[in-house]
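Remarks on the structure that follows.
Chain IDs A, B, C and D follow the sequence of writing; residue 1 opens each chain.
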Amino acid sequence: MKNPHNPKLQVNIGGLVLKNPVMTASGTFGYGEEYSNYIDLNRLGALIVKGISLERRTGNPPHRIMETPCGMLNSIGLENVGVRSFVDEKLPFLKNFDVPVIVNIFGETVEEYRRVAEALSNAGGVHGLEVNISCPNVLKGGVEFGADPDMANKVTRNVKSVTDLPVMVKLTPNVTDIAEIAGSVEDGGADAISLINTLKGMSVDIEERVPHLKNITGGLSGPAIKPVALRMVWEVVNRVSIPVIGIGGIMDAADAVEFLIAGARAIQVGTASFVNPRVTMDILEGINDYLIKHGIHDINDLIGTLKV
Amino acid sequence: MKNPHNPKLQVNIGGLVLKNPVMTASGTFGYGEEYSNYIDLNRLGALIVKGISLERRTGNPPHRIMETPCGMLNSIGLENVGVRSFVDEKLPFLKNFDVPVIVNIFGETVEEYRRVAEALSNAGGVHGLEVNISCPNVLKGGVEFGADPDMANKVTRNVKSVTDLPVMVKLTPNVTDIAEIAGSVEDGGADAISLINTLKGMSVDIEERVPHLKNITGGLSGPAIKPVALRMVWEVVNRVSIPVIGIGGIMDAADAVEFLIAGARAIQVGTASFVNPRVTMDILEGINDYLIKHGIHDINDLIGTLKV
Amino acid sequence: MPHKNSMISGRIIFNREIVKDHFLMSLKVSGHFSSDEPSFQKVSPGQFIMLRVKGDESPFLGRPMSIYSLYPGTSGLVIELLYRVVGKGTHIISRLKPDEEIYILGPLGRGFDIFPDCSCVILIAGGVGIAPLSFLGKHYMRDTANKSPKIICYVGAQRSDLLVGLDRMEEICSDIRISTDDGSRGYHGLVTELFQKDITSYNNSNSVVYSCGPSPMIKSLAEILRNQPVPCQVSVEERMACGVGACLGCAISVKSGYRRVCKDGPVFDIHEIVWD
Amino acid sequence: MPHKNSMISGRIIFNREIVKDHFLMSLKVSGHFSSDEPSFQKVSPGQFIMLRVKGDESPFLGRPMSIYSLYPGTSGLVIELLYRVVGKGTHIISRLKPDEEIYILGPLGRGFDIFPDCSCVILIAGGVGIAPLSFLGKHYMRDTANKSPKIICYVGAQRSDLLVGLDRMEEICSDIRISTDDGSRGYHGLVTELFQKDITSYNNSNSVVYSCGPSPMIKSLAEILRNQPVPCQVSVEERMACGVGACLGCAISVKSGYRRVCKDGPVFDIHEIVWD
């Protein structure tokens, strides 16, 4: 990126300025360490780590994943080290890099969300929070927070009330009206919205006649879900005025550009990193090439330019 | 199927007895004629024709389709000849065959649904109705009937009140709680439930910066959606006691068997027919082979045998 | 469990790049045809086939390709296709090697109407649009051998090095007129302009015009011929899923409403088409 | 737009079926390694790679394969894999021809621990599980050349015609003991039973056991060795997505909780594993 004629790639996500719009999606990039040998983490727009909860979680029993047509199912069960160990053991490593670290957080109660947010805001070295509301609400009989506009709003307000960090709320696609949820999250004070999380799916082993996942169902990710993700990003962009981050099946720069044109201010790369650990760098370079080829000097001149 | 040792493939769908569980999905098999040169229609468990409305519909302007990873988007716009011409011009051809004809119906008002159902019940040569409730309700500002449990229930009751034909109601997957919709449809008197219809999606031409579909969004079908379809079939099977018909991304016999094991009493093949006009016959033979290989004498002994 | 598949396959005889990004593929048709399904025994120029790479979910849908030529080979029929690599599907197809198999569906669609009594056949080709017109031209030579009409071909391309299919056209046509967008060969400009210059020299009553090429070209040809009584048939393109008229995905807007390019076309009367 | 891809490719030297459904693939490793990423310059037996077919969405995920052998070739490193076709991915991989390229990621995971002072190395292989053990055996021959330990190998297969990798094992082992489920060759029964008969003849204090094969086999071996002090390391399998420890998809249950087969394994102390 030496060339002065290179396009400007900088984007602003609710106060958080990113050197480029390419982030890693939570749960698909571990705690950053796992990929630090494969790519230069400093080149990422932002690094989003695995979802963190108040207490350590051991996750679901195996099998946890299965391949599907153009995608995969996972039921990791939000395994993570818990916020304490994250701050003590994982965060220090990330402080060696010059990349914004965004922590994906979740809880089973509003209170849990609030306390994780608090802990991370005081930790230092955390540049933003991404609130995963596709988590089952134990008090509400396990319905996802993200499926209920009021709950989504409440979680957002509570997290915002305890942190000064930019807060992006990550939506679940398993809802009837994504724009409605987005609206109530915006009303709750979110600085940005990211979507989509995984689509709930299932697959069956016809020889054993058991589900391929021990948990029976899991989250579908990968190129298979890209059209749904793009549609939901489009619907949300048309509803809210805060920045939207596009996620879902992005495998190359062309996919990323689709989301940007549809109005996403930035994008996250998830499952693609599994099949190519360096894919984020390929996407970054591909976006740059696209802008040059089309004579676009600032990526913000591309964002939201879909002609309809 | 001469061999006496061949497994029994017959299934009963809410009073409608099918010689085998392999049906064609609405909108993917035209009016039957289009594929009659490629396969012996008499070998199908049932033939479901393109969705029929009260009046003829011209459909959406092109482009209407686009390929996506492991699937496709369509926004045909429910183009059809209308119930009158269907009965006069399309049905006679189908009467030459010994295959149950199920007509997929839709309307923009409950009254329209009711009148189409009436017209078809009196036509003769129609063996069942499949009610597509993923149609926008004009009186309710275009929300899909299928997204609202009460509306879904109301449409079902109204159709049932005017016909003696077996009525299956086809659900849209673009909802938060598919089981709830299924429950209210069962309460409405449905004889069976079929799912899923297409997932709402979108795709963008990054060179022209326009949506690939003139209609902007369209319905996603094909293997990409199979895991979502299977999960929803599973959720519905666990909720209702009427027969469930599995639809979504079925490309071969193995896919079909996944749905049967999950509890689907029969399956529908959609997009797969586009890539292979004879695929329904391949699937039928493949299911037969699977049953023989596993020593299952009656397909009903396979249905719903998922071990969890 | 063995994945059964009853599709017809074609075995690739050769598949070579003849001009930058333009490939000539020769296929031997094998597999069983059910008696009443469309058969390659009778194919009319302008008809097409759907190509699908074997045992592969990507590209997912078949790719429509006009029949460039078709003749009985030593063992079974031989089909030739002339195609340009534009995206993912054609790229993958272009990598297929001799002896590899590919699924084919066809012949599909309604081909060009033949006017046996016409004395002058005018072919207007843009890029690979020359494929079906070349097949059509050969057909006119054969069918109307006794009183064979004069066959004139206008061929347009971006640059001289992107001109394809001229060799065969020369065997067919009494006259070939070339245009290139950059003037690197023949007339400097659009092929439709070149044709327009000559138009008065043709006798509308006994001539017929056929064309195939990019939409903008067909559209300007429609303009040029608006008030001309000469019959003109064009082969158009639209994205397809089924290729057999079942999905209604390949709609094109004509005066009387929407038509299916795969079934009612791909050949249409140019004056029927509604341009947006 | 050109789809950039920075993955490392291996070029296939050969990929041939050596026993029904069992293939031996030889790969030349090309492509750039970033300095600090895992490199094939130092590989330990038991490590694996992820294979992914090029430019293809199906199969979508990489396929983990143990390194069967690795040596410097005329131009770059040569990696050999021994694999069995069980499903879609391995089927597609088995169709790759010489000179074709395939993406590879690795070397990955924690290999077998080497016990330099042990005097007796016992390898227990089930089916293609022989691959990493064969690599390990060679390693013991080389590394401890001076006071090379006795290497004994137990090899189990369903039928005699499904035995693979014996040729190389013979070069490595002083003693090979074969069992087949159907008795068509060697001991009639499970390889673990065969081993159990001999167990008393081994001196636990200076022996070490390594095993790789189907889970039921590993499980019964765990039973057999429960109260034996002899160290036993096994290479286990679980579905994988990332292969680098990031997705947590390949969890295996051990006494202390869940571990990642790709990163904390694939080699584990057999007594650590919790069977359900």
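By our rule, a contact is a pair of C-beta atoms (placed from the backbone, for glycine too) under 8 Å apart; a residue touches a chain by one contact, two chains touch by 3 or more.
Being a predicted model, the structure only gives us computed values, none of them experimental.
Between the contact lists of subunit A and subunit D, the overlap consists of B, C.
The set of chains in contact with subunit C as well as subunit D comprises A, B.
Distance between Cα centroids is largest for the pairing of subunit A with C.
One simple way to say how far apart two chains are is to compare their mean CA positions; for subunit B and subunit D this gives 46 Å. Work out the mean CA point of subunit B and of subunit C, and you get 35 Å between them.
Residues of subunit D in contact with at least two other chains: 1, 57-58.
Multi-chain contact residues of subunit B (touching two or more other chains) are listed as 68-71, 206, 222-223, 254, 290. If you draw each protein chain as a dot and join the dots that touch, every dot ends up joined to every other dot.
Residues of subunit A that touch subunit D in their complex: 27-30, 34-35, 37-39, 50, 58-72, 74, 76, 79, 222-223, 252-254, 271, 273-279, 281-283, 285-286, 289-290, 293. On subunit A, the positions that touch subunit B within their shared complex are 68-71, 73, 147, 174-177, 199-204, 206, 208-211, 216-217, 220, 222-228, 230-231, 234, 249, 254, 257-258, 261-262, 290, 305-308.
Residues of subunit D touching subunit A in their complex: 1-7, 34, 36-38, 52, 57-62, 103, 105, 238-253, 257-258, 263, 276. Residue ranges on subunit D touching subunit B, taken from their complex, read 1, 57-58.
Only residues 69-70, 206 of subunit A touch subunit C when the two sit together in their complex.
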